[in-house]
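Two complexes come next, and they have one chain in common, chain A, joined by chain B in the first and chain C in the second.
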Partner chain A sequence: MGAEVVVRRSGTRKASGGTELWRGLRRRLGEYSLTLQLLLKRPLAAAGLVITLVYVGIAIAASFLPDRDVLLTDVSNPFPQAPWWWGAGKAGSWLGTTYPGIDLATAIFKAIRIDLYYSTLVVLGGALIGMLVGLIAGYRGGLFDEGLMRTTDVAYSIPFLVFAIAVAYVISRDFLTLNLALLILWWPPYARLVRAQVLAVKENKFVEAARAAGASDLRIMFRHVLPNTLAPVFVQVSLDLGVVIQIFAALIFIGFAPHGGYLPELGALIFYGFDAGATSYPWTILFPGLALVVFTVGINLLGDGLRDVLDPRLRR
Partner chain B sequence: MRLLLFVARRLLLLIPTLIGVTVITFVLSRAVPVDQLVSIYINPRSPVPRDQQIATVVRLLHLDEPLPVQYVYYLASLFHGDWGITNTNLYEGPVTGALVVFFPPTVELAVAATFLATLIGIPLGTLSAVRKDRLSDHVTRVVALTGYSMPLFWLALVLQIFAVKYAPWLPIQGQVTQGILSGRPWVVGSGVFDSTPTHFLILDAALNGDGEIFWDALRHLILPALTLTYGFLGVILRMVRSGMVDAMNQEYVKTAWSKGLPESVVIRKHIRRNALLPVTTVVGLLFAGLLGGVVLVEDVFIWNGIGRWATVAIISHDLAAILATTLIFALFLVLVNLVVDIVYAYLDPRIAL
Partner chain C sequence: MVRAADGVNLEIQKGEVLGLVGESGCGKSVTALSIMYLIPSPPGRIASGEIWFQGVNLLAGIQKEAYLRKGFRGKAKIVQNQGLLRKHRARMSKIRGREMSMIFQEPMSSLNPVLSIGYQIAEILIYQRRQEICNRLLSHHQLNDQDLELFREAVSNPDATERGRVLADFCLQTSLPVERVTTIIDRSGLSFDERVERVRRLSERMRLRRRWFLELVRDVDALESEMTSREWRVLSGVATPEDRQRRLAVLARYRSRQSLFRFLMAWPGIRRVLMRPIEEEARRRVLDLLKTVRIPEPHKVFQEFPHELSGGMQQRAMIAMALACDPALMIADEPTTSLDVTTQAQILKLLQDLRKRINSAILYITHDLAVIAELCDRVAVMYAAQIVEDAPVADLFAQPLHPYTQGLLESIVSLDKEVAAGAPLPTIAGTVPDLTNPPSGCRFHPRCKYAFDRCKSEEPKLIPQGANRRVACFLYDGGEAHAGA
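Now for the complex of A and B:
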């Protein structure tokens, strides 16, 4: 019964459980479409949404490319060749080739897929763990809460890149280790974010009402408190995606890639160009870098837009 | 008095953080196999068998004790300034000595970038807030965002490409023209490369009145400093803008407008002054964050700071250097956080209550 109170524009209450669920779902969908409409009214946010969707599309499309397509390697000419429109470039190659004769356009497609996949994994993993811990800490308080705050202090004081370097060096250089290393530092900020929200939300009358109605702690936490803390988490997730992609690229640029194999990853592609000589073959670093920048700008615009739209104070 | 209590509490809170940070570096340092850990102390040409040498070193370093005891020894050695020995082609010797050499250039870079980013970010943020949702606001925000979204090592490479093509007089690598330092009376040799008494090259050149080196070092600073500036401009700009937009809706600003005060006075004295408060925090954090982001930029520009030392350490498999970098960055961040919090409490008395 308490669920009715959470949502601001509640309809008439029905006793049947099935309709309650359906109504809840429809209200939620209505909320999403309202968010979308508000988002599309802002030119920058709309641009961000479009860019993000295009990249997701590329990532999905790239997973249908057979693996050998990445290695459109021209062994007869391993040195980077300019795209055909660059002037004296290679015919038929849109973005040129990089060392050793890899076609950049296909490699970038593949790289976007890998980068998107892993950064989503890290950010969502961090957000989930952080939400859970933050929820409990904020709701329960006490020693657990104090412990969490100190843990976040520690996590805040170690730069990601440096930490990831140390972990990768000490344990192993594969992608999974890098992911886990990032996760260790990635969840605490989310926990702190959610905790702060929980502290504010749990003072609301509707939580008191739910408790008076006999709802269990678990139900209050997940049904009433958690949904009301999600907006800033969404924003943070979208902003963090851009950060994680950059950290991946940076780590792989300095050589924390699984060695002994070709890795289609944007940082790696930039490194190949750098290795071959960036000043002689500018396109080899320009295009992979631009692919990265455009994505990060897009997702940041989207995140900024979401922040504005999801904040009910700014909505009116 | 309140402020003093606040500082004391803040200092006490530092202890768990520092323990946490050192536990992390300790665990990392013990996660590598023992013979790799002690390999730096082993002399392959010594008549003593390798196993025996390892056993001795293990005993001397207390590696045979239980982990909690080892941690205490680890802390003790940290306090005594015994951070291990580094052996890279940049520096050979105790880690603490290396830190003294490599920290100043990094700070020099970070100071220059923070200064420039603040100098450009505050007026641009003001402009963006005053012209909210108009074209100049959109343009400014996208420009700032692009910097924020750029891998800085990539920006560094792009700047190098452009400098080679369009500004050949701009050096793209190093801190100073090679060989220019040798023979100067005030320069001291240190490690492999020449250095200066405080290791702050520009400062030393200025103090010793050496115009040529001062100018040379300043020119070398331009590209790396610009790279970092562009990267962090966005953060400041964003902060100023959102702070000012918030302040614009406050009652006291409406009062100021209705009093008929001129626009510039309202914007500067009423709106911006309050919006700048959180910016002090950001500038502090930024300065610390810069030190982290500086790693790859230093590598690309061959700037012999902590970051480059760290990347060289990776290639040279130098564990002590990598862990020292982690620890020193963490300590620095903790320290800057502390200072920022105290400054903030001083500026905004509501905080310390």
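Now for the complex of A and C:
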């Protein structure tokens, strides 16, 4: 299998020209394609990848919809109606409608866009902060390490749900505030993860070799140590995306939604269905809930697959 | 406290290969790391000593870096002056990779697994030898008649695809951007001479801009290294007050330039465009280096990652890295130990050939005396953190003086040596002593068959024997006859 990859690479090399950057990119793409091939060999991971890609596709497509952040309500017919295939449903409506006359199919499309956008913001932001903190703490050691890691412990000990609620109460109930509140508490696991990796990586001979070649500390940190710690961070990011979407939906569900209007957000959609009477109109919570669960399962499968695939013993 | 290298006194001339031998745990690697100032600190520390390198004492800046202080509950505690150490480290990192380099024992773990081989070597060139690269680039192309001929062809050729090809050739030769030249050609209402004039002006502008940038980069580089060496000269006490004044002037000039340089660096677009020739020049040099260390298909290896290469190839890449900066001193810390025998022979052959081509001094650390015999000019034998014998290779093998050296030579397995069937291989009885508590007197005396009373109480100094060899053994004190040999 490895041989196959190498042959294909050397094939592309002949055509390659251009700058250092482009050559490097080609190599990187080669590595990624190896990851992809290994990933596709596992049915569950492949399923996770497909689900994730479908959701990302939906999110991108939804940003081309007119009024992408606004839910259009049909006030003339506010009570929930079943989809056409449910039996006696509304013609032309695939997932039915929820109170007050919101078409669920469009609403879920828009909701996925918003949910994915904000959870990515939280997770990537948290990962970046955590990586920086972990890298500095692990590499410098000593008092830096103590100080940063104790700060991390303090941040870790604050329950993020309660903190987000408190912040939303005090400052304002909008998406950005909620997300920043989550972001502030989302980096500690990454800091610990990266620090542990850095502690292992910095003992390697190649770090000493880089130092013997005259590289400065910053260069060693960012060029030589950091890339070696990224694999577990990728895994953690993909696992966290599902978690943050759930937390976000939960916060909106219990009422930390921005005031005014109806929101295209999965938690909010579930809440509207719940409010209208979920026992009479089960589809109103079934479909948004399903959208949430399927995404969480998909991204978790992908994360688990990545964890296996990025294992260096499997690659080398 | 362990004194892992204690009173080591070595001297390497330019172009010389000095072998450093001894059993494991004798402090060979620690000596090498001390020279590079790579001792992991804490816990390691260079307590005292001098390292004179090209007329400058490298340890001059840190003589008072540590002092004792009463710590918690009156316990004595060694405190280090971190500011001083940081400055010293910064100075050393200019020396490392520019003037000194090192080849490590295990190539697999000494190469970064996530960076390509080419990048790792080019990095050294770009960041440590930028001056040299800039110098090469500065003697860059100037438009001449031949180019103008090509340009005429590019303008007058009726076939569009042919014209594109010629144009590409022209741009490659003169390193002008294709789009700009195309605009000049496509603009209507211009005579040929006017077009030529415009191209000439474009080329001149590009040249000026590039020259400006490259000179800036090169000068900063040169000033930096001038500054460090000057600083060291002052610290070593070699410099005069006038020298100190000049140093301040250089510093001021450097600072003013540096701010300009920083400003330039903050302009990433320009920087990327202008760094590209430097990167490409570095790439060309890396390919040359890979050829020098006899790596087949250097273009392929340039893009490969360490795990895609065999051990021998990895070690060659390491050697290329060490050669990249054209060092004055190269330290090889058991470079062939982790390789199999045939690869070992190839690497040794390579090193032998290289030492004729480059004029750097090599400190070759090994525990294999056969390698020493092959490669080195002089040998220093280390035992328990001290040098016990220092001699030219031929003399050492012909007549080892120190009992430890004799023991080492006797324990070599050789086809020429007659060993009675069933007899055990000769070894040196005992093991290297624990350095936390070294034996009194001569450190070798518990294992030495010639030991007498004086060995137990008094520590032997290195005693000159003949023109250029020294030995630390009382057997040779006061012109006594050679024992043993």
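The rule we apply is simple: the second predicted complex is superposed on the first by the 282 of 316 C-alpha atoms of A that agree within 3 Å, B and C clash if a C-alpha of one lies under 4 Å from a C-alpha of the other, contacts with A are read in each partner's own complex, and residues count from 1 in each chain.
We adopt the following convention: contacts are C-beta pairs under 8 Å (C-beta built on N, C-alpha and C of every residue); 3 or more make two chains touch, one makes a residue touch a chain.
On a predicted model such as this, the values are computed, not experimentally measured, just so you know.
In the superposed pair of complexes, A:Leu176 makes contact with neither chain B nor chain C. In the superposed model, A:Ala200 makes contact with neither chain B nor chain C.
Looking at the shared chain after the overlay, A:Leu53 reaches neither chain B nor chain C. Once chain A of one complex is fitted onto chain A of the other, the partner contacts of A:Phe253 are limited to chain B, with no touch recorded for chain C.
In the superposition on chain A, A:Leu29 makes contact with neither chain B nor chain C. Look at A:Leu65: by the touch rule set out above, it reaches neither chain B nor chain C.
In the superposition on chain A, A:Leu44 contacts chain B only, with no contact to chain C.
Between chain B and chain C, B touches the greater number of residues of chain A.
By the touch criterion defined above, A:Gly214 lies against chain C but remains apart from chain B after alignment on the C-alpha atoms of chain A. Residues 6, 10, 13, 19-20, 23-24, 27, 204-206, 208-216, 219, 223-224, 227-228, 312, 316 of chain A are the ones touching chain C in the complex. On the side of chain A, the complex with chain B involves touching residues 43-44, 150-151, 153-154, 156-163, 165-167, 169-171, 242, 246, 249-250, 253-255, 267, 270, 273-274, 278-279, 282, 285-286, 289, 292-293, 296-297, 300-301, 304. On the chain C side of its complex with chain A, the touching residues are 36, 38, 90, 93-98, 100-102, 104, 106, 109-116, 119, 122-124, 127-128, 276, 279-280, 283, 299-300, 303, 305, 307-308, 318, 321, 324-325. Those residues of chain B whose C-beta lies close enough to touch chain A in the complex are 13, 16-17, 20-21, 24-25, 28-29, 31-32, 138, 141-142, 145-146, 148-151, 153-154, 157-158, 160-161, 164-165, 289, 291-293, 295-296, 299-300, 310-311, 314-315, 319, 322-323, 325-326, 329-330, 333-334, 337.
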